[in-house]
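In what follows, chain A forms one complex with chain B and a second complex with chain C.
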Partner chain A sequence: MTAVLDGLALVMQPDVLLTMLISAAFGLFVGMVPGLSATMAVALLVPVAFTLSPVAALATIITCSAMAMFAGDIPAAFLRMPGTPASAAYTYDMNDLVRAGRTGDALGMSLVSSALGGILGAIILMFGAPLLADFAINFSSYEYFWLALLGLSCATLVAGDDALKGWLSLTIGLFLSVVGLDFVTGIQRYTFGITNLQAGVGFISVMIGAFALSELFRKATTSHQAHPKPRLDITERPLPRLNSLWQQRKHIVRGGIIGTLIGALPGAGADIAAWVSYAISKRFAKQPELFGRGSAEGVAGAATANNAALSGSYVPTLVFGIPGDSITAIVVGVLILKGIQPGPLVFVNSADMVNAIYIVFLLANLILVPLGILAIYLGRTVISIRDAILYPVILLLCLYGAYAVSNNMFELWIVLGIGILVWIMQENNYPAAPLILGLVLGQVVEQNFMSSLIKADGNFINFFNRPIAGVLGILTLVVWFYPIVTGVVKKMRSNEPINDET
Partner chain B sequence: MRLPDFWTGLIFAAIGVAIAAYAQTFHVPAGAASPKLLPTIVGSFMALFGGLIALRGWQETKQVALPGWLAAPRQVILVVFLPAAVLAFGLLAPVVGSTVMAVTILTLHSILYGIRPIYALLLGVTLGTLVTLLFIHGLGIPLPAGLVEELFS
Partner chain C sequence: MLTRLATTAATIFVLSGGAALAEYPEKPISLIVPWAAGGGTDAVARVLAEGLKEELGVAVNVVNKPGGGSVIGHSEMLAANPDGYTLGFGTAELATFYWAGQANTKATDFNPIALVNFDSGAFHVSTSSKWSDVKAALEDIKAQPAGTYKVTGTGTGAAYHLAFAGFLKANGIDPLAVTLVPSQGAAPGFQELAAGGVDVVLSSLPEGTAMMQAGKSKPLAVFSEERIAAFPDVPTAGEATGTPFAGGTWRGVVGPQELDPEVKKTLEEAVLKVANSEDFKTFMNDKGFGVRVLDSAAFGGFLAEQHTQVGVIMNDLGIAQRKE
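Let's turn to the complex of A and B:
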């Protein structure tokens, strides 16, 4: 109880509350602009968060991402164009509902469902994470090594439709993580005499390059396309009626649970949660024929799931230090930069901060409702902002944000290099998310691998000797080899009829 | 720019080989933990995956699809402007100050996006100064100073 009160005291500081409010406005703004993602919003905020206290920094990220997640629904409703990928599943439903004059059942339903999903996810996080942490407290470097490796493996499996390119992107991130001084021997690796590289490749600069500058490049190549103008008006109250909300209770609860569970899986983020929940809601819907043509049931289930996934992704992040998606990868980076090592011990050593995170989640989702109503009314104006104003400001934020990391122009060169690399990679269908996870988890993998190798005196069998490490190791190998084995079996089966004919 | 998988795979495979080969030059102290172990593994896997991608796309080696934006001069300038702006800020901001560079970059970028120069300048001066002041005074970040910053200090 004392830790909860301590956590509450940490959150109820003027600087924390003020940064929450500012980051909420920023998250709503970025989420509303089609093409700008919640991850980009967070990436642009990280240099700012870096100057704040740990709780204020985390509050900034949590609030911004929760707001951006909902705000992505606003262009979906007005333009039939999702603001963030997490809104894609129910974009047509939102737009058709608003066209039918049912703003409350579209944006209102998504707003309340998002808030409820976030709160439900936070409650599951509050009770689930400490239980898992108790279980993980006896983990050694062996278990952490396999966990980090498993996280990397799962992340690449869901990173895109081309697994091979996902794996390659991961190796680029892993390579970036080994640049700098080796933590065991202090030997310089791939620094080529550049002093600024001795501390490694700046994580925040990589984030800005990968998610903001690369997006500016992409936008520059498509700038001839006309900027869409919202033509719809808000003719009804922006909140759903209570009986309408009550009718969706099962979809909301189911979406919350599904979203949290999917969010907790490494690599499976809010957009996957929304799609899965949308599909399951359709299966249990009273009017499944309306899905894709203006279904409030679909909106309720999927909008709950994407915000719940955000809370769920903090479970592996806090308990194991393994990020669930790109946003929690940033959280791990910020925690480490602030001198807090995520893992089961964080629940003992920084219990007040963990409780502060829970409280921030609850608070962020509560203020989502009033701020969201405001955003619904302002949405039409914001999504009409011209690219000519928006993108130059984003470029300036990239420049200042990168410089702010270490007050050093060198970070700008990293932003530029990574921005160009990721832009070319994405143009050629190489996903960027595995690169970020590789960079964040690379150090965890290497440090635990080296510690384990020293303990085992070079004997690899010891990596499987402890029961949990053994299970995790086998699970990792299954994840690695399952696609290969099934691919070979499928190929052999498809060859069988041809062999029969010949 | 869409390149055939064969060439992108081959480039990454070559980078992977270079990473693994360079790792062999690291000094290895006595003991189990070698600083070259992970870089060697990472480089080898990069070479392997790059090689597999190249192998998979070997039949499409000549299918280079030039992107449509290369035919539109304004878009080419917009693309070139981005690295030029980063380089210009990095090299010139310590000399002329952040505000001057911010205003210049914002104004030029807005003009390239199609805003009339007078409005672009107005926008550049207003937003450039505001964002710079926010970073310096609001967040306490010591951006490179010039004449303008000295006026406000």
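Let's turn to the complex of A and C:
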């Protein structure tokens, strides 16, 4: 209980509350601009978060991502295009509802259910994470090695349509994670005598390059296309009626639970949570025929799920220090830079901070409702800001942010290099998220692998002879070999008739 | 007339006297911190800068220059304009760059102003460990083949690793007899100790407080000449083994070599005054940092000693890129 009060004291600081408000406004703004994702909003905020206290930094990230997640629904409603990929599942429903004059059932519903989803996810996080942490305190480097490897493997499998392209993006990330001083011997690797590379490739610069600069390159090449103008007016009050909210209670609760669980899985984030919840809501809906053509049920289920997934993704991040998606990868990076190693010991050593995180989650989702209403009204103006004004400002934020973190010009070269690389990758449908996870988790995998081998005197069997390590290890091997085995079986079956003829 | 002349003369005298006093410092001073904002070194530097501002009457701005495992920030301190307006907050790592082949700067290349902090390493074991004191542990380590026991809590070549190796050597044991399992700081090291993967964690005493209170670890000895006030029950290395040994990590204010002696004197006095103040001591104690204050001359001797000691022990460990 004292830890809860300590946590509350940490949050109720003027600087924390002020940064929450500013990052909320920023998150709403970025989320509303089609094509700019919640991850990009967070990546641009990291240099600012970096100068704040750990709690203020996390509050910034949590608030900003929750806001951006909802704000993605605003262009979906007015322009029929999702502001962030997590709103894609129910974009048509939103737009058709607004066209029918039912703003309250579209944006209002998504606003209230986003807030409820975030709160539900936070409650599951509050009760689930400490239980998992008690269990994880006995984890050793063997378990962490497998956990990180499993996370990487799953993330790569679900990212993008083509698993092979995901693996390639991952290996680039893994390569970047090797640059710098060797963890065990202290020998320099791939530094080419450049002092700036001795501590490795700067994580924040890579984030900004991969998620912000690359997007600007993409925009620059397509800017001749006409800018869509919202033509729809807000005719109804922006909040849903209480009875229509009550009708959706089952979709909201189900969406919240599904969203949190999917968010907690490594690799599967808010986008997938929204799609899965949308599909499940359709199965249980009273009017499944309306899905895709203006269904308030679909909006309620999926809008809850994507915000709940944000909360859920903090479970593996805090308990194991293993991020599930690119936003929590940033969280881990910020925590480590702040001298806090996420893991089960955080719950022992920094209980007040963990409680502060829960409180921030609840608070951020509560202020989402009033700020969201404001955003619905202002949104139509914001989404028609001209690219020629918007994108140079974002470029400035990218460059200033990357420089400000270490006062070092060298970081700007990394931003540029990664920005060009990721732009080329994305133009060819290579996902960027595995690259970031590879950079962050690559070090975790390598360090735990080396530590384990040193502890085991080079004996590989120790990776399997602890019960949890064994289970995790076998799971990882299954994830790796399942596609290969099914592929071979398919190939053999299709070859069978030919073999019979010869 | 005379009085007016006298007043003018007095005015001129006062003004010129004032000007001479205002010679240094007359504009804000930058204090380079070679580690990221928000870390332990940054926190100490900011409190020190706050105190220096009061003493010197000008703003002292902390400038974080992280990167390259602190090589970048430390190199910048040496390359700074020696006008006294750019100083550095040096940390224990600066003595290792030369030997590790990360840079050509030796610890003796830095101009010592004052040392303000020293955190002694401590020998922590699990509460279920068979060793009840450090003497028994050392005998056991000596008796078993090399590599039987593992130590963690620190990175390869980091200050606590070198302190641990130095401690073994001082007690007549090969520094490689206990294998290092590198870790990113004390917290993952203590978790490893609780999970039973290693036998010893080497970290400062305050870093182990949470695990001691949870009844999962106990400190057997601290590598300092005197007991640490906050942990009166933990014996020093000398008391526990009969061989006095001090080792750990440290932080101090340094500058470029060509610093004007007058300017250096002013800075040294200001830093010593802040480091000896109650406010600074209270902050350090609350945050778990040890206070050890050395003036310029003593700090210079300390740096020279560090340079040779680190060279010897890194060569013993086989992680040096240069011979002594």
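The rule is short, and it goes like this: the second predicted complex is superposed on the first by the 495 of 502 C-alpha atoms of A that agree within 3 Å, B and C clash if a C-alpha of one lies under 4 Å from a C-alpha of the other, contacts with A are read in each partner's own complex, and residues count from 1 in each chain.
One rule holds for everything that comes next: contacts are C-beta pairs under 8 Å (C-beta built on N, C-alpha and C of every residue); 3 or more make two chains touch, one makes a residue touch a chain.
Because the structure is predicted, anything quoted here is derived from the model rather than measured.
**Student:** Let's test your reading of the overlay: on chain A, do chain B and chain C clash or fit side by side?
**Tutor:** Overlaying the two complexes on chain A (C-alpha atoms) leaves chain C and chain B fitting together cleanly.
**Student:** Go through the superposed model and pick first if A:475 touches only chain B, second if only chain C, both, or neither.
**Tutor:** neither
**Student:** In the overlay, work out which of chain B or chain C sits against more residues of chain A.
**Tutor:** If we count touched residues of chain A for both partners, the winner is B.
**Student:** Determine, under the contact definition given at the top, whether A:446 touches first (chain B), second (chain C), both, or neither.
**Tutor:** first
**Student:** By the touch definition at the top of the document, which applies to A:378: first (chain B), second (chain C), both, or neither?
**Tutor:** In the superposition, A:378 contacts neither chain B nor chain C.
**Student:** Is A:349 touching the first partner chain B, the second partner chain C, both, or neither of them?
**Tutor:** A:349 sits against chain C, while chain B stays out of touch.
**Student:** Give one of first, second, both or neither to describe whether A:9 is in contact with chain B, with chain C, with both, or with none.
**Tutor:** neither
**Student:** Taking the superposition as given, does A:190 touch the first partner, chain B, the second, chain C, both, or neither?
**Tutor:** In the superposition, A:190 touches chain B alone.
**Student:** Touching A:17 in the superposition: chain B (first), chain C (second), both, neither?
**Tutor:** Neither: A:17 stays clear of chain B and chain C.
**Student:** Quick test of understanding: once the structures are aligned on A, what is the angle at the Cα centre of chain A formed with chain B and chain C, as a multiple of 10 degrees?
**Tutor:** 70
**Student:** Have a look at where A:416 lands relative to chain B and chain C in the superposition and call it first, second, both or neither.
**Tutor:** First partner only, chain B.
**Student:** Considering only touches as defined above, state whether A:25 meets chain B (first), chain C (second), both or neither.
**Tutor:** After superposition on chain A, A:25 lies in contact with neither partner.
**Student:** Rounded to the nearest angstrom, what is the minimum C-alpha distance from chain B to chain C in the superposition?
**Tutor:** Once the two complexes are overlaid, chain B and chain C approach no closer than 7 Å between C-alpha atoms.
**Student:** Show me the chain A residues, by the header's touch rule, that chain B contacts in one structure and chain C contacts in the other.
**Tutor:** 51, 184-185, 407, 450, 454, 457
**Student:** Per the contact definition, I'd like the list of chain C residues that touch chain A in the complex.
**Tutor:** Within the complex, chain C contacts chain A at residues 36-40, 63-69, 71-72, 75, 100-103, 147, 150, 152, 155-157, 179-185, 187-188, 190-192, 194-198, 210, 214, 319.
**Student:** Would you pull the chain B residues touching chain A in the complex into a rising list?
**Tutor:** Residues of chain B touching chain A: 1-3, 5, 8, 12, 16, 19, 22-23, 26-27, 29, 31-33, 35, 37-39, 42-43, 45-46, 49-50, 52-53, 56, 67, 69, 72, 74-75, 78-79, 81-83, 85-87, 89-90, 93-94, 98, 102, 105-106, 109-110, 113-115, 120, 123-124, 127-128, 131-132, 135, 139-144.
**Student:** Which stretch or stretches of chain A touch chain B in the complex?
**Tutor:** Touching chain B from chain A are residues 47-48, 51, 164-165, 167-168, 171-172, 174-175, 178, 182, 184-185, 187, 189-190, 213, 216-217, 220-224, 386-389, 391-393, 395-400, 403-404, 407, 409, 412-413, 415-416, 419-420, 424, 427-428, 430, 442, 445-446, 449-450, 453-454, 456-458.
**Student:** Looking at the complex, which residues from chain A come into contact with chain C?
**Tutor:** 50-51, 53-54, 137-141, 181, 183-186, 188, 195-199, 202, 336-339, 341, 343-345, 348-349, 406-408, 410, 447, 450-451, 454-455, 457
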